[in-house]
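What follows is a pair of complexes built around chain A, which joins chain B in one and chain C in the other.
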Partner chain A sequence: MAVTSNWCRCTSCHAGYGWKDRHFDFAPEKIDCLVCHDTTGTYKKFPTDCGYPPLKDKLFAGKKLFKAVNLSYVAQHVGRTSRESCGKCHFYSGGGDGVKRGDLDSTLRAPSRELDVHMDAEGLNFTCATCHTTVAHEIDGRHYDTPAPGARRFALPKDDGHRVRCESCHGRRPHRAEKKLISLKHLKLNDHTDRLACQTCHIPFYGRGLPTNIYWDWSTAGRFKNGKPIVEKGPLGRPIYHTKKGTLKWGKNLVPEYHWYNGTMRYLLAGEPLRLNAKGQVLLIAPAGEPDDPQSRIFPFKPHYGRQPFDPVKRTMVIPKLFGNKGSGAFWTEYDWQKAVTAGMTEAGLPFSGKVAFIETVHYIPLSHMIPPKEKALKCAECHVRQGGRMEKITGIYIPGRDSFLWVDRIGIFICVLTLFLVTVHGLFRMVMSLKRR
Partner chain B sequence: MGGWILLALLLMVSSVWSGQISSGERSYFKPPASTADHSKFESLKKDFKTPEEVTKACLSCHNKAGEQFGGTLHYTWTWKGKDGRLLGKSWVINNF
Partner chain C sequence: MKEKIFLYPRFERFWHWTQAFLIVLLLLSGFEIHGSLRIWGFEKAYYLHVYCAAGLLILTAFSIFWHLTTGSWRHYWPVKEKIPQICYYYAVGIFRREAHPFEKRPDQKLNPLQRIVYLFLKIFLYPLQFVTGGMLFLYKWWPKLGIKATFSGTVYWHLLGAYAFLLFFILHIYLTTTTRPWYNHIRAMVLGWEEVEVR
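This part shows the complex of A and B:
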């Protein structure tokens, strides 16, 4: 959905204090230093307090206790960031543990080698900032229409130490035989790096830590049983129906979807004309990239499908107000989409026809985390097969084994048959001649 | 001679043992060695009533951090797109 009109719920993950409406004052003293620099694990922000931590013991949703934060203790124990501190927000995006990303969840606090070969708590023990190199509080990563910094080459001092790309450490020809000087297999593997991202083979599955949300139908939200909200759990232990949220589907160990990707995403904003894919789904956030572009690579994504409110008259996506007090129009207190969208679009300052309908949407999430050990990487035949391979839907490239040219195949078969025929004739001739000689 | 061998063995065993406890879940929380112990700073030995007071105390020493962090995506949630559109967490929409 959107941050606008839902401020205090969403900004509970803002590295600041008190962002409660669009007039937030971005003053330096409103910065939350502690959320990133806490090393005690005791600093937590309250889920609905606009980024403030609880200063008294407080219950969230009448159930979960958030203990009062001891500011002095935390302030006296600040230090570098850790998987724990970044994870406080980034593991829980989408409203819960592992919900949104599919490659980030709380199992990365102390992961096994199997789950993440780099963060392996018993091994390399990387933190987030080991790769997300940070200079003067500017943290490396993809920033909307700007790819992650650092070209596909080693991280040298002249590159300001950026090493957020796999290639920053592993180089552009990363596969090497351990014993042999020259290995054809490794030469061939290195021959893929101009068209495939490292992630494509090295993230064979996502949702390997906890279940991740794959479908979210908001249109069914707002049902009650005997006047009480419903939370129905599915086989993965996650809600498959939730009165506030609607119908949800979850998955574990899922096969990614592959697309050409230049390191940036395309965003559809509320109020902009709809952009549909071939299935008629609205492309909310989709990868940008083309097979002809030398900077693009085939890359793995988690597709997240949804069914959410839109304006069927103006044909634009809308912003519903979900979180708020009674009388504010918020869906989670009044359960009326019409009121919720009116409130949300008014706060966003966007035109709204007054009509609400639901439309299927898709949001692609690039996968870069939870790299298993190299033995788990994809094998050749996962892609180089005629049908049902992982690259089945990739266009603009010839993939041996998947693709064929009819006439090359015909000429090849003809040459084989001709060779067999001539060899047989030649063999027979020699047999006959040798018999004659006797 | 035997004593030396025993001592060497003991050293080896103890280094392996300390290696085991210094990795893994038990100590991953432990911050890396720092050049400052923040619990010794007078400006932090206070009974802070609001988190903003803590930030002011941080910025009284780290006097460039406010300006640095204030401009980053983690604070602004706003990214000026190359095409002039405003992107960033506070402007984009999704289906979660």
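This part shows the complex of A and C:
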């Protein structure tokens, strides 16, 4: 699944004016200033107009009305970005509210303290740009320029500078007792920062705002009931079957998966040979990092599972054309994977054998948003436990309580129990002998 | 005939029982941190372990001072005499109501076997546990202190020490009862006075 060949639908967010084919020129004048700087809330892009807003009233999918944007009114009311303006795209990544990220959705417009301690509308009231600082329009974040962890610079909100890391404001030993001079608890918590990212303890669950998509099976897409498309809603109020999309699974308040992470992700690019994990799933985007790398930390992720089309002969992922007119081969008008992939791969300029099959996939989304207040952070025993702890699958470090030296324990317990047995026998024999004498 | 002798002055009794209490708590909390027991929960067990360790460290500092200034360190000086006889006593003689081959006196409170075990405890086991435990507590400072070790290797030695303490604890408790009446040694450690056979 990719933007390529689906431009006019995807580029309503994947930014730029008029990105309608692969010949798009990324010139500065194609940048949409208003999508970020509108403060009126009236600037909305039409979902299928290649990144353009509607200039006259228009219906989307024959149902939803998009009103014509009054450009001069919007232009006279430009200002700083807000949760609302960033959220117009970022809350809806993956094609709907909360679908892809698991830590970003429309509940962050005016979140409670419990949902996000920094963005708390009645508290600190941070915007996205409070942390995602910009210098000359270059926005700090994982996908741009440098990976988010980057250098550990210190930059408080009153200063200029790059501030996207937790440590930028909180420092490297962030836990401090409010009253006591020395607190054992805070000393020990600070000890953890060499191997754990802040997010690991402070994002105990994801999908806390709205349900987030956890599994997306494209292979079942294209079923009809009496010739009509199907949309079947599940218990969380989200579609569990959608003719255009296939079978979907959703989750709320989910436990993250933990991996070593150095701030960069390994991407499987279109046309690259498949990389599989131990479960046989294709790793589309996976965290990079090793336990012996001092820059790597244990980090929480949302795994996003799916079943996606691939080329079983060339063993590469394929890009299907989903969106387009009748006759273009687009899946959402013709419901034929063969045609859709042929069209998509032609547009992408990639080789395609002509065969389509489906394969299990996974991509990992690092979780950094929706930090609850500190009382909600993980407690010691959620990781320091023999079995079933959150760090159960983390390798490369010794975790007290989880790990042990099996043979030391076995021999140690054996010797102690044997000794206990021998002294008991010795004692009983003493009692018997003294009773006999009487 | 029996006679009462004064063996344990006030500080030694205080030291012994405080130490016993701390070591029991250290064993319980330590094995909870290790994942073998469940009593207080990991977090409280951790704090308890550190506080008890700090307490034991302070107590040990005072007791070292006590032993050096009063000269009681001499009680731990190893001697060779009577070791086979004592072994024979615990294996056979004790069941025949034979007398203990060692004569307890205020100037020699510990029998030769006790001397060896307690000396081992003092010069090997205590330092081992204090050093490895302190290292685990301060593991973030290793680079600054110039310590080159692995966390798991340090845990390994600390765990071995813990089992050694547990083994000592079991044997020690049992051996306190090997007298007549069975509570005689324990009473002495509480009151200071012990009843001994006059020979």
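In the analysis below, the second predicted complex is superposed on the first by the 393 of 438 C-alpha atoms of A that agree within 3 Å, B and C clash if a C-alpha of one lies under 4 Å from a C-alpha of the other, contacts with A are read in each partner's own complex, and residues count from 1 in each chain.
Everything that follows uses one rule, which is that a contact is a pair of C-beta atoms (placed from the backbone, for glycine too) under 8 Å apart; a residue touches a chain by one contact, two chains touch by 3 or more.
Please read these numbers as outputs of a predicted model, since none were measured by experiment.
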Look at A:M1 in the shared chain and tell me whether it touches chain B only, chain C only, both, or neither; answer first, second, both or neither. first
In the superposed arrangement, which partner chain does A:H384 touch: chain B (first), chain C (second), both, or neither? second
If you stack the two complexes on chain A, which partner ends up touching A:L34: first (chain B), second (chain C), both, or neither? first
Should A:F299 be classified as contacting the first partner (chain B), the second (chain C), both, or neither? neither
Applying the touch criterion given at the start, work out whether A:S404 contacts chain B, chain C, both or neither, answering first, second, both or neither. second
Identify the partner contact of A:I285: answer first if only chain B is touched, second if only chain C is, both if each is, neither if none is. first
Return first, second, both or neither, reflecting whether A:D194 touches chain B, chain C, both chains, or no partner chain. second
Which partner, chain B or chain C, touches the larger number of chain A residues? B
Contacts from chain C onto chain A in the complex sit at residues 33-36, 41-43, 46-47, 50-51, 90, 94-97, 139-140, 150-152, 155-156, 159-160, 162-163, 166-167, 170-171, 174, 177-178
For chain A, which residues count as touching chain C in their complex? 184-185, 188, 191, 194, 379-381, 384-386, 397-398, 400-405, 408-409, 412-413, 415-416, 419-420, 423, 426-427, 429-430, 433-434, 437
Applying the document's contact rule, which stretches of chain A touch chain B when the two form their complex? 1-4, 10, 14-17, 26, 28-34, 36, 39, 41, 52-53, 55, 71-72, 74-80, 82-84, 93-95, 99-100, 109-110, 121-123, 125, 136-139, 143-146, 213, 216, 218, 267-270, 284-285, 304-306, 308, 317, 319, 361-363
With touch defined as at the start, can you tell me which chain B residues reach chain A in the complex? 23-25, 28-32, 34, 38-39, 41, 44-59, 64-70, 72-77, 79, 81-83, 85, 87-96
